[in-house]
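Look for chain A in each of the two complexes below; its partner is chain B in the first and chain C in the second.
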Partner chain A sequence: MAATRTTSPLTKTLWIVAFVLIALWALFPVVWILSLSLKSPSDIANRQFWPTELSWENYDLILFGGAQELFLPALRNSIGICLIATLVAVVLSTLAAYAIARLDFPGKNVVLYMSLAITVFPVISIVTPLFNLWSTIGLYDTWLGLIIPYLSLTLPISIWTLTSFFKEIPWELEQAAQVDGATAFQAFRKVIVPLAAPGVFTTAIIAFFIAWNDFLYGISLTSTSAARPVPAALSFFTGASQFEEPAGSIAAASIVVTIPVIIIVLLFQRQIVSGLTSGAVKG
Partner chain B sequence: MAEIELRNLVKRYGDGFPAVNDVSLRIEDGEFVILVGPSGSGKSTVLRMIVGLEDITDGDLLIDGERVNDKAPRDRDLSMVFQNYALYPHLTVYENIAFPLRLDKTSYPEDEVKARVDRAATMLELGEHLERKPANLSGGQRQRVAMGRAIVRDAKAFLFDEPLSNLDAKLRGQMRTEIARMQRNLGVTTVYVTHDQTEAMTLGDKVAVLKRGALQQYASPQELYREPVNIFVAGFIGSPSMNFLPVTNRGNGELESPFGTFRLPEERARGMAEAPELLIAGLRPEAFQDADLLEEDELDRGAVITAEVDVTEWLGNEIYAYLPFEATPEVQESLDELDRDLDGEGMRTQVVAALDPQSRVREGDTVRLFFDPADVMVFDPATGDNLTRDEERAAEITRKSEEARRRALERARSEQGAGGQKRGSGNGAAGAGQSASGRTDAGTGDRTADGGSTTGSTSTGR
Partner chain C sequence: MSESTELRGPGGASAQSPGTTRGREKPGRTGTRKRYTSERSRAEAKLGLMLAAPAAIVLLLVTGYPILQAVYQSFFNLRLTDQENSYFNWGANYVTVLSDPLWWQTLGFTLLITVVTVAVELVLGFFFAMVMLNAMKGVRGPIRTIILVPYGIITVVAAFSWKYAFDLGTGFVGTWFGIEGFDWFGNFWSAFAVISLAEIWKTTPFISLLMLAGLAQIPGDMVEAATVDGASWWQRLTRVILPNMKSAIMVALMFRTLEAFRIFDSVFVMTQGANGTATVSSLAYDQTISQLQTGLGSAVSVLLFLCVGLICLLFIKGFRVNLGDSRG
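Let's turn to the complex of A and B:
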């Protein structure tokens, strides 16, 4: 639908100003961290925003130098744990959301609101009991020991977003396909899956970010580089001496862990574009 | 090409409510049958039972003599156009139309798919849109894509579920003619669901009128119009709808109405021997004529009533005059019930007369209206039955329209066989089945459409 309403130059200017302000507000910390990561240790306290001289020293430290043993396993843990947690969450929540959106069964609203209730449950209150439990049954400091709590974070939000997405799919298309001669499975594969894919991708990305950003479980349920994820590992960084703040290397590590996130968003932004379903049925 | 037979079909939902109750229909090969009724009449449910999207609780559904109750939709080989088109948004127009063919790769190799899609696209004038996605099409184009998907393979029958209800009035008229032309050209058995009586009358060879899941009458449009079986069918068919007047039975076919007394001709009064005293008389708006425009000797051949005009509406080709009257409580009750059945909104009791535009009648005038008492139908207020229905005449009407249909169908098929090429849809008025599709010309559509809207505006205007 093309916008037929003409906007006055004043409103247009105000929109641009607002846009610039919000962009600055959101990007300023990122640029700051980038600038910090490019300062050499002696340059950190130079009392200016930009580094006096570009230095790759911090990146060198975390990727190839002294902090390598701390950072690289953590990066591997983070990627592995988050991908598995995301995959499981997406598969389970797709099934759950499909059932909630399509079928009529007693207690389906209970399931839906239960999952909403879980999202507001404070993580800090579960961490201590979970620590004791995990230590007893041997899940402490393992990948599985993090994947399970991550699922409790990612599943509810995935179920919610996917349910609302599935409710938007015109299921009459499935019937149309069956009348056109498709089997139930063909109708699902050729019609429903292509329509559901953007919603599933969006949900997967949200779930991945949630798991990727977690700090509390990561720091509490791990002790070694066997399972410690990046956010937790960052807190163990030390400077060259114990009197030196490791701000530069933390900043560099932050930049490194931000890169996969940006790549994922850029890769899937086409899938995230909503409105693919418009035009299926008369709007 | 197929015959479809419904034998005592019943659809009952979980709560035991029968959405469709004991419906029996026989749809001949090549016939265009309309299922019509107000909302909640079960017409869409019947269609969905035929296509297999709705389970049949009881009764038999036969396609070409074979019972298909338990067959999946894909095994019934029917094609359907959905009310909201149900186009696949991720596929182009070409792929949407080709979709049914792609599911059967063995029967339709790639060049056959292309030939068929191109033929359907040409027929529906979609040629230049084939690479676009449904989201970028207008409502009418989407509608044509949905039709293309239905006609692209040789299905046994076409099913339409209110295909035009999402289009605006002008487009609806055009597409209606288009569907009629397509069906005549292809000669495929067609079942069409609508709530619009104009579509039902103009498109159908036969029309099945449903009310609350029960079949009221299954007949040609002409018979429905001239010999309805009951007050519901009489009120549903025709636009503006039939006027219902409370009348008192004075015996011998003499009826006393709020506007004066008149006498039915003997052959019409035959069924009224045991009629109760209070009756409802039905008279179509177009049965009235302005007595001032007629010669005196013409007036002798009919009845003349006198009434005061409340509102007039001038439409160019005719004038609608509204004449209010008071109804007795008993009659009012059955009129109210009828109004509810017809999805009405509690119209005031009034008579609508469609008069010649030369008539000088204006608001507040007292007008003398002429009508032929032979056009009057009389209904029992308790049962709603039409007491003046003439079975012989009804059978005669249906026989004639059936003959006309067969002639048109044969002509279409012989032309297809001889020319080997289907007539393009843009070929104008001339063509196969002209006698039949001639009924669907724009004039009829416009008049009835206007009638509907103007009646509505008067009732809400005060």
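Let's turn to the complex of A and C:
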């Protein structure tokens, strides 16, 4: 469509206007929370968009000051728990997706459609029984107690996305390499791994985003900084003194956890888009 | 693993692309018996099962087990603080929930916010997709990067941003519109509007990417031909473009509807369910986690689960959404 259209100056201007509008819309809340995080305590409640002067006080508070016990352990928990949940999901789903995409075995569609169905499960329906079980067996408020339920978020989407990636791989190349004299292992390592790696990597990014975004498991299955992840911890923030608005420190913490997201999006925009649309389920 | 290259089953199902799933299950089912008789195909089936089993077992354990446990608990008069005195109460929890106006009120609000946000997201997402498709080469990358920012941001962070934009303590929106004293979260309709806004902002990118994938599949000549034949842009849109991306739209619509129906994070951050903004998920959360009414809360969870299943069924049977098309 795009290739065949002839663009008059007017249409061109209109598309540019539309582009600017979209950029404003998408970035506006991010700029606002950044601006809020850079306000000094006296500015926080002035109800203006921009700070009157830039201040690092909120960052100081969450990274080195009184709120660091709330924020830093949460950051560590979030990073650790989400990375492990992503890693486990990617390893398990690579095996499963390879089998589904390449091998013929009974029940392969069951696995595929089961994972699709699980992506729409209401999290709260899983939380309720886990809350009781975890309290009984001592997994409440532990890393493992979150990693296990996080697999219900990361694993289904990984299976679905990776399967569609693997179905696109020209597997005949592996045979071709063997015909040309490569050993089985060489053919796998030199031909298949490079072809499969981008899909696996993209899947890992998407799975990580979903785990990173979790709030309901985090707030239901933890009670202290031992395992509480950032989204849940944010709702327990207090200001420098108890009577102060925690808005500044929440805003600063929000920016800290948003920076990695923006870096990943900047670096891997193309991969994420292809992963989201070829896996084509949820985000 | 290299061995398996020769281990193609005679059914050849592995060569099928996921895009052609239509009617794939029936031949699969009838052929199952005969398909795994030869030595090779048996070995292949065994390897496949071995590779897929760990993931399948983990999936069942982390989701199947809790759901069944929730169903079981929902039939008991059970408080977490008083577990010895729990007893089977013949579905009385469901009677309690279903006869409570609060359930119907939260269900109504959840449906309202689902319908409104998904409808706006579809229109906005389509517009975004059109812009992305028609954008000049140089801005295509940047615009997709920018549009992915809301997708990647934590929902809770987005909810805080919108909350602080409107709230009485920090919000600039009141100042901008000259209504500084107006408490946006103090009454139902404005709170509903702000929550919807936050949801729409966060999830439109995802819909627009699915729409873009659908749009990109429409052959350019088709639209060109319509233009040559003198179709206006509205006619091109409604007669050529939309009908041709119907399946992409339906899949996006279904997954977003199911996701929107589970809304919890934004409501928790912005209003904690005050002024009639509690959703079904927040009701279940209040019952089980805050009040430790495990039996009642499980009943709410199970009802929510059934609602999600019902919506699925409605889309697949009613609107004939084919999941095989979901690859966009």
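Brief remarks on what is shown
In this section, the second predicted complex is superposed on the first by the 247 of 283 C-alpha atoms of A that agree within 3 Å, B and C clash if a C-alpha of one lies under 4 Å from a C-alpha of the other, contacts with A are read in each partner's own complex, and residues count from 1 in each chain.
Following the convention adopted for this analysis, a residue touches a chain if its C-beta (ideal position, glycine included) is under 8 Å from a C-beta of that chain, and two chains touch if they have at least 3 such contacts.
Bear in mind the structure is a predicted one, so any value in this text is a computation, not a measurement.
Of the two partner chains, chain C is the only one touched by A:32; chain B is not. Between chain B and chain C, C touches the greater number of residues of chain A. By the touch criterion stated above, A:189 is placed in contact with neither chain B nor chain C. Of the two partner chains placed by the overlay, chain B and chain C both lie in contact with A:175. With both structures placed on the common chain, the touch criterion links A:76 to neither chain B nor chain C. When the two complexes are overlaid on their common chain A, residue A:135 makes contact with chain C while staying clear of chain B. Judged by the document's definition of touching, chain A residues 175, 178, 276-282 lie at the interface with chain B and also at the interface with chain C.
By the touch rule above, chain A contacts chain C in their complex via residues 1-5, 12, 15, 18-19, 22-23, 25-27, 29-30, 32-33, 36, 44-45, 47-49, 92-93, 95-96, 98-109, 111, 113-133, 135, 148-149, 151-152, 155-156, 159, 163-164, 167, 171, 174-175, 178, 184-185, 187-188, 192, 209, 212-213, 215-216, 219-220, 230-231, 234-235, 245, 247, 250-251, 254, 257-258, 261-262, 264-266, 269-270, 272-273, 276-283.
Chain A makes touch with chain B in their complex at residues 170, 172-173, 175-183, 186, 190-191, 194-195, 275-282. Note for the complex: chain B touches chain A at residues 51-53, 72-74, 77-80, 82, 84-90, 99-100, 103-104, 133-137, 139, 142, 149, 153, 166.
Those residues of chain C lying in contact with chain A across their complex are 1-5, 7-9, 11-14, 17-18, 24-25, 28, 32, 35-36, 41, 44-52, 54-56, 58-59, 62-63, 65-67, 69-70, 73, 80, 127-128, 131, 133-136, 139, 141, 143-158, 160-162, 164-165, 169-172, 174-176, 180, 201, 203, 205-206, 209-210, 212-213, 215, 218, 220-221, 223-224, 251, 255, 258-259, 261-262, 264-265, 268-269, 281, 284-285, 288-289, 294, 297-298, 301-302, 304-305, 308, 312, 323, 326-328.
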